[in-house]
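Structures incoming, each one as structure tokens.
Shared between the two complexes below is chain A, which has chain B as its partner in the first and chain C in the second.
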Partner chain A sequence: MTWSGKLVTGLGLAALIVLFGLFGPLFTGDPATIRDIGLTPPGGEHLLGTTLTGQDVLAQLAHATRGSLWIGVLVGVMATVLSGVFGIVGAYAGGVVDEAFSLFSNVMLVIPGLPLVIVVAGFVPADQRGTWTISLVLAITGWAAAARVLRAQTLSLRNRDYVAAARVSGERTWRVICVEILPNLLPLLASQFVFAVVLAILSEAGLSFLGLGAANSSTLGTMLYYAQNGFALQREAWWWFVPPGLIIALFGGALALINFSIDEIINPKLRDRARRKRDVVAATAEVAPAEPGAVLTVRNLNVVYQGDNPVHAVKDVSLTLRRGEILGLAGESGCGKTTLAYAINRLHRPPAEVTSGSVTFEDVDVLALGPEELREFRWVRLSMVFQGAMNSLNPVTPIRAQLQDVLRTHRPGMSTPDRELRCAEVLRLVGVDPARLGAYPHELSGGMRQRVMIAMALLLDPQVMIMDEPTTALDVLVQREILNEIKRLRDELGFAVVFITHDLPLLLELSDRIAVMRDGEVVEYADAEDLYLRPQHPYTRELLASFPSLTGEPGALTR
Partner chain B sequence: MTTLEVRNLTKKFHGVLAVDDVSFTLTAGRTVALVGASGSGKSTIARMIARLVHPTSGEILLTGPEGVPLPRRSYRDHVQMIFQDPFASLNPFHTVEHHLARPLRLHGRSRTEVPSLLERVSLSPDLARRRPHELSGGQRQRVAIARALAPGARVIIADEPVSMLDVSIRLGILKLLARLQREEDLAVLYITHDLATARHFSDEVLVMHQGRIVERGPSDDVLVRPQDPYTRQLAAAAPNPEARFREGGPS
Partner chain C sequence: MGYYLRKLAFYLTALWAAVTLNFVIPRMLPGNPVDILMAKLQQRGGSVDPAARTAYETLLGTGGKESFATEYLAYLGNLLRGELGVSVSAFPAKVSDVIGDALPWTVVLVGLATLISFLLGVGLGAVVGWKRGTWLDSLVPATTVLSAVPYFWLALILVAALSSGLGWFPLNGGYDVVLDPGWDPEFIGSAIYHGTLPALTIVISSIGGWLLGMRNMMVSAMSEDYVLTARAKGLTDSRIMVRYAARNAVLPSVAGFAISLGFVVSGSIVTEQVFSYPGIGSKLLQAVQNNDYALMQGIFLVITIAVLGANLVVDLLYGLIDARTRDRSTVS
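Up next is the complex of A and B:
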């Protein structure tokens, strides 16, 4: 783990304050000693001056810091345990237990915390209002929000296969919770503990300031309470109230910084946001003259994921897509096929960077396009059907609106009836009844949604469609229908397709030419028939052998 | 011989029949393939046999080698499951060692068996100290297979064990399962949507459609000469480059 500036600053500040609270009282003498030197400004014997009754502010500050920290830790631990019990156990147990726990958390959540604390603290007689009582009250009013977050996270974790696997192997429930689920919640628990500590210190300061804090205790809040009662502000005795206020603010800030860092550890995406630029195209080489009949030409394209360990994801790839051709791009996970598709479309995002090479679409140098030209190029001339695209439809608007949006953006001059006609037309093209235009995505099956995505890609009559694993999540029967649809549309409309998948038999059946990719390189690029009957590269042969034939002899597959 | 018999198994989810009156028997030394499209109820059957889901009705009977029914509490000593996604079925927080030592201990064995378990699935015992994210997909699935073997299970439910893996390592994993089944005389239920591997890696095939078994029989009969219209459709839908290039079919 690299130590971010935030984490170092946060931990450093918090450590200083904790050390001061732990060891300060040992060196500063008795904070209660009254002297006849009231309100001496800082300097000399009293580094931070004295209070109205001549007590040493530094000594008071040290003891008060210790008291506040103690309450913070007590409340932090209690609130975390409470939220863990109600959030994690409830979510894991499910059913009635979950309903009851969840209802209870929700009720606790809507009760406004601070007023309740004031009422409760006010009811307990002052002489019984010890540190523990106050901590308990603060913990009870402060755990509910965390419990809800933990519940949501546990609900997702309990359905993970590793939890099911632990149950199948015979683990007891408490062990599944403690050993399989809890460790994966640690970052979340840590951040909630930190948050509870900050909240407790602030709430306690507020209570004490109102005179409702723990009796006979010394915290930063009681210090402020006495400063207020001694008219420190009016007497301009800033040294009396600024230090405790500053410590509260600094400690709160330090813990907030630590929490940010925990968030960054949980979610690495937050980490290098600052470094990110919009679109990265490093070098644009001279554009090679396109081969006649080619609609899309990729020449020596290189894409690198920049970082501490740069990953060369696409290495010197050259491909030519002819008009009306179906080009298959075969490869396994991590071979660079999706990165290549994104780079062709200029959809790659940092840290991915095109380091060299060219992408030519007819006579357009794609890598040199400006933002506005790019907008006119994408989807209009080259559209894309993404992996898992059927799940990328907006669930809350009917598909009509989503199709019309594309037209409204790219064909602003088009009239409403024309738009409607065009949407119906493309749906008909992909074999979906135009009556379904009013349907919401959840009312359509996976295969239908995938067809709608293909329809959306067809809306603007592109010359090229890039399809990234468009049928992988679908059933064989639905896949068959969609493949037939793609072949038919290609024959009718004459566009070219780059079809990306790991399923080589599918490509062999569908494509005119096939490029096989491994580790970012195209290892073989040939007509489908040649590739099938006369594979040249060992990796192609390995891939071909990985798909046993349904009707053929078992051959090498004898068990 | 340990056998697992499934009798009239039915599962309803919110009134919808996910599994409808399914019966079959798993016997030692044989692999039964359960094929069908997603949503056909295959995984629900796996989860009921693994006791992760309660059947609405029907029975799952486990009979020991002496022909006597085995008590419920020792069920998990005998029946284990391999999950579809090795990226999800191993806890990212724990080492390989933990994943194997726990089931060994739970079923009265010693954690000193971890190295030999890893060797049985053709992994180096050095991997025991690693965590899942340091392993490839194939290695993870081998660990998951070792975990299923750890309690000494005689019946293995493999729910789409290779569909999340890269194509070039799928056959290796299937061959490993076939070898273990043969050498250790296991009863295996191989759940898949891939008819070709179902044909080559099983003795008997059950074809599921909308919760029901629509066709069953020896794998070559069912998949090469299917009788049921749905099975025929499935068989015809699989990509078949053979037809395009070798038999001069339409392209």
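Up next is the complex of A and C:
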């Protein structure tokens, strides 16, 4: 089911049940009328049959649905107000008030609700247990989870610029909350309200079923209570027992579906998506007569993001990477350089598709590899260093586990001490103390994390390393150190590098050859020195001109 | 303050709040529970000496004879000594003994059912999220409806179908009453046989929540950079799914355990009643129906302590599985 399908189903079901509760009682007649036709199965005059005392089940169901919805709405409103007061006001006020409110919410959250409700209901004499009393108790025990969610959201809103601006300009607190903050919380409040309604209907049904519900009320719970005490199931009068529970389940399910599709609208990641069968479509199996000394050859590669408006992200790109060479790939963000890098290793995610072209790695036709061959190819012959090492490292395991993973998978025969030795060795290569093997990613600085990523890429002595903006997030000094490190390692170990960045001056210094990309195309591809001294393409000249020289003269780089 | 200390302090505060709530509720609500209890006690032929009355008054309130503070201190003192009074519905048994008999049944039933439900739900959720785009997606709407089914209704339907209808399971009870409770294989077998259907009810009703939460987190985790890195590293699919995606996706489920446990405990009380299970939930309702206020309060306290304890354990576990929490505690 698509998200819109879910939304329509959910809304339709919920609307039907609400309409049934609102208007059903007007048409079904008196639910209390007793007839001498007890336990008549459904049919003709009584569409849903009769109870033990001959009351019409459909009429009872309509009234009970109305009763349950009423309690649900009462509790929903009260619980939402409570959670708003403790969640929003607390978080907005901050300081001691927030601490106290948040502690109170958390305490109320961990104290189990229904036992508390049962105890309170037990102390209040039955004749004083009205609908309002029960609703109030249910609201008091049911607001805390919502308050916690609202608090988190308010805290983040509170620090937004427009709220800060309103506060600085001297607006009153209640005005800031009502005008600036509440409207932004509305979707969240709505979904919390829906949950509170469902929870209240469920809890009330439980209470009434136990005989602890509101006196003289008629809800789905009391209906089930009478059905159970009339031995409806033992007498096989399923039409008496099944419908009330089904209405509760369907109503809860409908509201859950609505919430679910709202989630999907807010967070597109969650939407259903047809599983892609292939990541490569119609690749030409041409084994390119590789240039002597080439390790990686890309020929006429095309990558398209399929969709209603297909985006042609990589257009007819051809590149050759020689053994031990550093190839720079330059271009603005969005020019397709990352997509190209991912496609070389077939890491591009749907809806991206390689539509034509070839990627040849020495003698291997990468685009033709089966899933298992591809897995064995990756990292052994071609490894990658991604941009933003914080997110590239698994936050919940120490870096030792993430380094050893590679060896465990690709060198299954390696002994544990050897693995440990190899991990320490690569860390030392990139200048990280092997004692940090036990550290978690968050315990390392940005530069250290990037070095760990490079160490990881070195583990299996690959012939090619693709580095996607490996130094962008780092400060200039650390960046410089890491670049020197990369050059030194390349000289020592002899692997080839594809270095991707938007920083052309950096590439001029680092690379042997440079490819400039724009809108998915390689517009210029030349030796670094040639590119610098004799840029051919206007875009290259433009790029070179946009970087000021050290003397401060704009465009000095172009001469 | 360290993460663990902070958690401990929080749960002690929550415990104190629950104990105080237990003290305040009977004093604030209408009705005169002490008189009702004394009348009941008399019917049962119990002693109506002033000592019995004082004991109940300490628990439920003297009606203004003594100051609030004195009553509170006396109440706390009784709790510390484990004196919860005498049950009138199970007269002359003490409340603590009634609870002691019933508690193991509930702890085993609800504990095991919750554990099974959590493991199954999280496991299935991980697979459904990982295999997104296949027929498994249709499980998602189905489980949302399932999680909105009232426990007791499902329990009764299951009894009607599997016990009355097919005769696979006993109708109710916690063990075959002809057996003497004890640690012999026959009795344990009987207890497992009787506990299966209640446990099944709890698992079916609660699994949807775990599954859905895990599935959504799994889908989010799968688009994280560390999963991409893992793929680039050429790791096997199963290793990426378990060690990278699921390992991270499970964290919110564990963090939200407190909320879910509340639902399960609430549902279990009603489920026990349906099955006349000899656990603490049935006893609580028996106490409510008989105005056995002392037993009611004792059971509420015990349930609360058990829930707080379980949450504390899960929170401590969370500190173990997510190193960031331990280190962040100094900031927030």
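Keep in mind that, in the parts below, the second predicted complex is superposed on the first by the 452 of 559 C-alpha atoms of A that agree within 3 Å, B and C clash if a C-alpha of one lies under 4 Å from a C-alpha of the other, contacts with A are read in each partner's own complex, and residues count from 1 in each chain.
Rule of thumb we're sticking to: a residue touches a chain if its C-beta (ideal position, glycine included) is under 8 Å from a C-beta of that chain, and two chains touch if they have at least 3 such contacts.
As the structure is a prediction and not an experimental result, all values here were calculated from the model.
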| item | value |
| --- | --- |
| Which partner, chain B or chain C, touches more chain A residues | C |
| First, second, both or neither for A:384, with chain B first and chain C second | second |
| First (chain B), second (chain C), both or neither touched by A:504 | first |
| First, second, both or neither for A:15, with chain B first and chain C second | neither |
| Which superposed partner A:475 touches (first chain B, second chain C, both, neither) | first |
| Which of chain B and chain C A:421 touches, first, second, both or neither | neither |
| Residues of chain A at both interfaces, chain B in one complex, chain C in the other | none |
| Complex interface listing, chain C residues touching chain A | 10-11, 13-14, 17-18, 21-22, 25-26, 29-31, 33, 132-134, 137-138, 140-141, 144-154, 156-157, 159-160, 164, 212, 216, 219-220, 223-226, 228-236, 239, 243-244, 247-248, 251, 258-259, 261-262, 265-267, 269-270, 273, 284-285, 287-289, 291, 293, 296-297, 299-300, 303-304, 307-308, 311, 321-324, 327 |
| In the complex, chain B residues that touch chain A | 37-38, 47, 50-52, 76-77, 80-81, 83-85, 88-94, 102-103, 106-107, 137, 144, 147, 150-151, 166-168, 170-171, 175, 178-179, 182, 193, 195-197, 199-201, 223-224, 233-245 |
| Residue ranges of chain A in contact with chain C within the complex | 1, 6, 9, 103, 106-107, 109-116, 118-125, 128, 145, 198, 202-203, 205-206, 209-212, 224, 228, 233-234, 238, 241-242, 244-245, 248-253, 255-257, 260, 263, 267, 269-270, 272-276, 345, 347, 349, 374-380, 383-384, 386, 388, 391-398, 401, 405-406, 409-410, 440, 442-443, 453, 456 |
| Chain A residues within the chain B interface of the complex | 160-162, 164-171, 179-180, 183-184, 332-333, 475-477, 479-480, 483, 502-506, 508-510, 528-529, 532-533, 542-543, 545-552, 554, 557, 559 |
